[in-house]
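Each of the two complexes below includes subunit A, the first together with subunit B, the second together with subunit C.
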Partner chain A sequence: MKGHFVLNRAHLSYWLRQLRKDADLIGPLRSTDGDIIFSSIENIHDIELDCPASIPSPKEFIFPQKEEMFRFSDKGVSSKSNGERRVIFGVRSCDISAIALLDRFYGELYEDSFYMDRRRNTVFISIACNTPDPTCFCIGLGTGPFLKSGFDIQLTDLGNRYLVQAGSGEGLKIIRRFRHLFQKPEKTDFDDQYEAMLSSQSGFEKRITLETVRQKIITAKVEDSFWESVALRCFQCGGCVYECPLCTCFNVVDWKEDKDKGVRMRLWDTCMFKGFTKMAGNVLPAEKQIMRTKRWYFHKLLYYPEQFGKFGCVGCGRCTITCPGRIDMAAVANKLD
Partner chain B sequence: MAGLASAFGSGAMTNSIEEIDNARVLFVIGSNTTEQHPMIAMHMLDAVDKGATLIVADPRKTQVAGFAQIHLRQKSGTDVALLNGIMNVIIDEGLVDISFVKRRTENFDDLEKIVRAYSPDVAEKITGVPADEIKRVARIYATEKRSMLFYSMGITQHITGVDNVRSCANLVMLTAHIGQPMTGLNPLRGQNNVQGACDMGALPDVYSGYQRVSDPKARRKIGNAWGRKLPARPGLTMIDMFDAALSGGLKAMYIMGENPVISDPDSSHLIEAIKKLDFLVVQDIFMSDTAELADVVLPAVTFAEKDGTFTNTERRVQKIRRVIRPMFGAMPDWKIISEVSKKMGYDMGYRAPHEIMEEVALLTPSYGGILHHRLDNFGIQWPCPDTSHAGTPFLHRKKFAKGLGTFNPVDFAPPAENTDAEYPFILTTGRMYFRYHTGTMCRRTSTLEREEPECFIEINPKDAGRLGVRTRNRVRVLSRRGEIVVNVLVTDRTPEGIVFIPFHFRDAAVNLITNPAVDPIAKIPEFKVCAVRIVPLIPKPGERQKSLYNRKEDIKILLELYEEPKV
Partner chain C sequence: MKNKNRQNRKGLYLPAKVEILDVVDMTSDVKLFKLERPKSFYYSPGQFLMVSVWGAGEVPISITSTHEIRKDIELCIRKVGAVTSALHSLTAGDYLGIRGPLGNRFPFEEAFGKDILFVAGGIGIAPLRSLINLVSEQKEKFGKIALIYGSRNPSEVLFLDEILRWRDEGIDVYLTVDVKTDPWKYSTGLVTEHLSKQRISFKTCHSYICGPHVMIKAVMRDLSLMGMPAENIITTLEAHMKCGVGKCGHCYTDGKYVCTDGPVFNYTEIKQFGMSNP
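So, the complex of A and B:
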């Protein structure tokens, strides 16, 4: 089949080392406390391939938590480009689905140059998930565990080898450059991939389709008392928003470094805070927590499908891991289902 | 600390956070847990989901009180009466664990004598909590075996702070809710390392691991290790130090990581004291209000720039690791102190934090087995006497640290300041979610600053109606010591007759008006109760309210920045 290759497991680190020569290689690492974080790779063997979801999601590499937009001083304005080439390895299918939607959010209606500069210079190599976490529910949303499209390169772990699929021109390019590493796939490779997919699908503990929840909300079957009970448990940590691979809110602030110079920054922000929509005269349109809780869920469950035809949730389970009040997307969906 | 030490022989959370999940009764008194200890509140909600009974005693209707089956709204400063009332019911109805009281405790008879006077009806008169509620709480708390008691600043920041803690200790001993998993008396410490600071002897009367200064053996042991004879007299508490500075008995002060100008009561008195000092050193990570008064400011590094350990509220010593290089020439605290000491003629000779930890382990029985290389896997809970010990998840198993547990019966004493016709409201202070202490750190974060830029006063709708004020009106709040101007927030979170102001704001520092009266033993100031008067400041029609928030400086700088460049 076109765009399909086989890579011997023993050759993976060689390939990554070659890729690192002209791009920053980023991948999942396990910190000393056991957390999984995406970071620049110094030693290829540090990469964690069999690990739970990273916290935070890899969206921070194309939409950083804190980003310098430009510097200003009495001499004028200067900005630097974000054109550094990067290969991000080991991303999960759900995060790839999220990035595909982020691309539309930041590139369709208007083009966000800060995002797109980074995005154009980044290639993602994702790994289909053979063993989902207990918190995962991408299977019900079609955003994982195995993707049919939307990726640059998708690897499937078949034990001693990987089935490699190229999904974009950029992806194909970096496979072709090292053509000697890749073989043509046999029928057994596809059979094994299918087998892996079946076993992965049966490994999901959560079966959630958000469609029933959406239907219930648009037919006004969900009463405010329900959202009140959800809002009551919100500690206002903002964790759900910061960890969500699809939350896109930011705030712009000027930070003065000295009397005559400063930086304009954009920072992640969260709609869970009441000051997020603060207006002149200190008016707070969403002063009550229930309004903000509803806004977040409605955005993901109603407005995203209206605008993009897809839910604003990819089932990565990060809000489930993060929320101290246990009112994450999966919990809400379970209660409403 | 002092209250717990006299009852059990050591002061810390007796049980572990993990155990909360499986407790059956959670009695939370004087703690705004969801806002101030969210990770612990998470476990509490998990327990509630599993069917545990949550009892909250707090005058304010906090978020955690929203989950409580029973919410007792006692009048501020009447905790002893409330707890004595509960114990009265327990004794009266025969719910005392007699075998535990006989085997493990002493002085029960004295307790009984005092508590007898606090029948639920008497307690109701003092606290305003209905007698039936008191009876219900007593029965639920005493009859369930897995009952955990939690308290925080709402208990300690009173002139009767030590008494309050003693009452809590009496209650857990009376019902044998100690020395077993999922029981115990659990003070919640709000800061990442306040437990660690206490453990290391950052208190005037103890060395590390609560070895008493007055104990000649401990003094000799530590003196030998340091090669110096140590003074036998305990030091001064913070409040005493400022008093001494004011009277000229204290000439120099070295303040580390504290901003007492905002955080301590009656701050005008305190600033006066600081100005009288000959020499003030402040060591902090950012410039603070206190540092502005200092002769020397020593820049310290943040948590991300240093190695070492933090000890959290459940006595867990955890390792922290440096992730970024120290910025702007700042140094870790241990290094600054060593360097200062060297210049003063005593070379401590430490080269890394783990060497200090070794010394701690050598000289501190409860930290005996706590060394850096053992802490990689989520840390160790002290006491941990040697390197083969795995740590202690709950204390006082089989035997209290001091042998027998002592009942310290206490009588109710009213707060230092009562309301009267001139000052009719009780002011209680506390914290809020988006602020941390005096804002030395959090005010530098634009998002947090945006959430609550101005100080407010919570007033009950009924009181607000009588005063004729609405939300966002401005009021003057006067006490016998001073006054501040704040915005009104009308809410039923605060009961009638009580108003609440968070203490985080420098533009309206509530500690200008709080009462500096202190607990006679622990010297903790009475932040939670003082009498105030409220005077509305309603602008005349057509007049605009001025912002409390000082933007003048910022705007001036911005205007300069955006000036048209000369061509």
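So, the complex of A and C:
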């Protein structure tokens, strides 16, 4: 099949080392306190291949938590481009599905040049999930554990080898450049991939489709008392928003370095904070927590589907891991299902 | 009222540097800024700019001038906080940054041949002024035109000379204040108390409203009860904005971005979303 290859397990680190020669190689590492984080790879063998979801999601490499928009001085403004080439390895299927949606969000109508510059210079190598975490529910949303499209390169771990699928021109390019490392796949390779997929699908503890929840909200079957009970448990920590691969909001601040020069920055922001919508005259459109809780869920469950035909959730389970109040997407969906 | 404006591909967030040509004091806390208009900068009534003062920040401000009439850009700005105070400290010859024009515009072609009612409260006159001046240039295309403008007290009335000129040119003008202080020869009371006095045909009239949130809400409801079709009742909304281009999420309410889906909405759209909260 076109765009399908096999890579011997022993050749993976060689390939990555070659890719690192003209791009920053980023992948999942275990931090000193045990969390999985995406970071530049110094030593290929540090890459964690069997690990739970990273916290935060890899969205920070295309939409950084804090970024310089431009510098200003009395002479005017200047902005540097984000031209550095990057290969991000070991990304999960759900995160790739999230990035495909972020591409539309930041790219449509008005194009966000900061995001798109980074995006155009980034190639993702994702790994289909053979063993889902207990918190994962991508299977009910079609955003994982194996993807049919939307990736640059998808690897499936078949033990001694990987089935390699190219899903974009950029992906194909970085395979073709090292053609000698890849073989043509046999029928058994596809059979083994199919088996891996079935075994993964049977491993999900959570089976949630958000469609029932959406229907219930649209038909006004969910009363405010339900959202009140969710809001009551919110600590307003913003964790769910920061960790979610599909939360996109930001704040903009000016930083003065000198009398007449400085920098304008943008920083992740969260609609869970009261001041997020504050207006002149100290009007607070979302003063009560219930309004902000509803805003977050309605955005993901009603308005994302209206705007993009997809939920604003890919079932990565990070809000489940993060929320100290245990009122994450999966918990809410379970209660309403 | 979808915004079809697909501009600004590169440098979406980079402001253009423009010179302040003149600053006029209007009231104790409102100033009128006249800015140089960059080449190939076209705007329509209802649109706004993101205005930057380096180091202080960026805020959304409606354009109060009318493209067809003036060569500069006028902004009418009330001092309420950090950025607007920084703006107020600038004078002619200083520079500021602008991005835009952003947002959709007031639809007014639909009002050809029909009566028009403008209802403004406080600084809400600023975005309406852009449309009123455009409409008054082509009065023959419309039926009766009326303006009700409410202010807190006589010293806060904005653009009084211009409003009196509109009146002389044939627009029915009703000025009203909440509190009568100085010698004041016009009305008192809320704008809603003057709606029924208008000699216009409510069933076909088009209305454009801007002012404080509570005023907009009350006027829209009353006009609707008086038989004005919801699609003809048009307002421009305010929201906290950080980007103006549908990305930062601050202005987002019930599935709409005030910055790109609006800021101009009609009553049908407003009943479907927004305004439910505050």
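What we mean here is this: the second predicted complex is superposed on the first by the 337 of 337 C-alpha atoms of A that agree within 3 Å, B and C clash if a C-alpha of one lies under 4 Å from a C-alpha of the other, contacts with A are read in each partner's own complex, and residues count from 1 in each chain.
What we mean here is this: a residue touches a chain if its C-beta (ideal position, glycine included) is under 8 Å from a C-beta of that chain, and two chains touch if they have at least 3 such contacts.
As the structure is a prediction and not an experimental result, all values here were calculated from the model.
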Name the contact category of A:Thr277: first (subunit B only), second (subunit C only), both, or neither.
-> second
Per-residue touch tally on subunit A - higher for subunit B or for subunit C | C
Classify the contacts of A:Leu49 with the two partner chains as first (subunit B alone), second (subunit C alone), both, or neither.
-> neither
Between subunit B (first) and subunit C (second), which, if any, makes contact with A:Cys237: first, second, both or neither?
-> first
Which partner does A:Leu198 contact after superposing on A: first (subunit B), second (subunit C), both, neither?
-> neither
Go through the superposed model and pick first if A:Thr32 touches only subunit B, second if only subunit C, both, or neither.
-> first
Look at A:Val253 in the shared chain and tell me whether it touches subunit B only, subunit C only, both, or neither; answer first, second, both or neither.
-> both
Touching A:Glu306, do we find subunit B (first), subunit C (second), both, or neither?
-> second
Interface residues of subunit A shared by subunit B and subunit C, listed 72, 76, 251, 253-254, 256, 260, 262, 269, 278
In their shared complex, at which residues does subunit B touch subunit A?
-> 34-35, 38-39, 41-42, 45-46, 49, 63, 66-67, 321, 376, 378, 433, 446-447, 450-452, 472, 557-558, 560-561, 563, 565
Given the complex, residues on subunit A that touch subunit B span 32-33, 72, 74, 76, 232-233, 235-237, 251, 253-256, 259-260, 262, 267, 269-270, 273-275, 278, 282, 324-326
Interfacial residue positions of subunit A with respect to subunit C in the complex | 69-70, 72-73, 76-77, 79, 105-106, 109-114, 248-254, 256, 260-262, 264, 266, 269, 271, 276-281, 283-286, 291, 295, 298-299, 302-303, 306-307
As the complex stands, subunit C meets subunit A at residues 6, 8-15, 17, 54-58, 80-81, 97, 212-213, 238-240, 242-243, 245-255, 260, 277-278
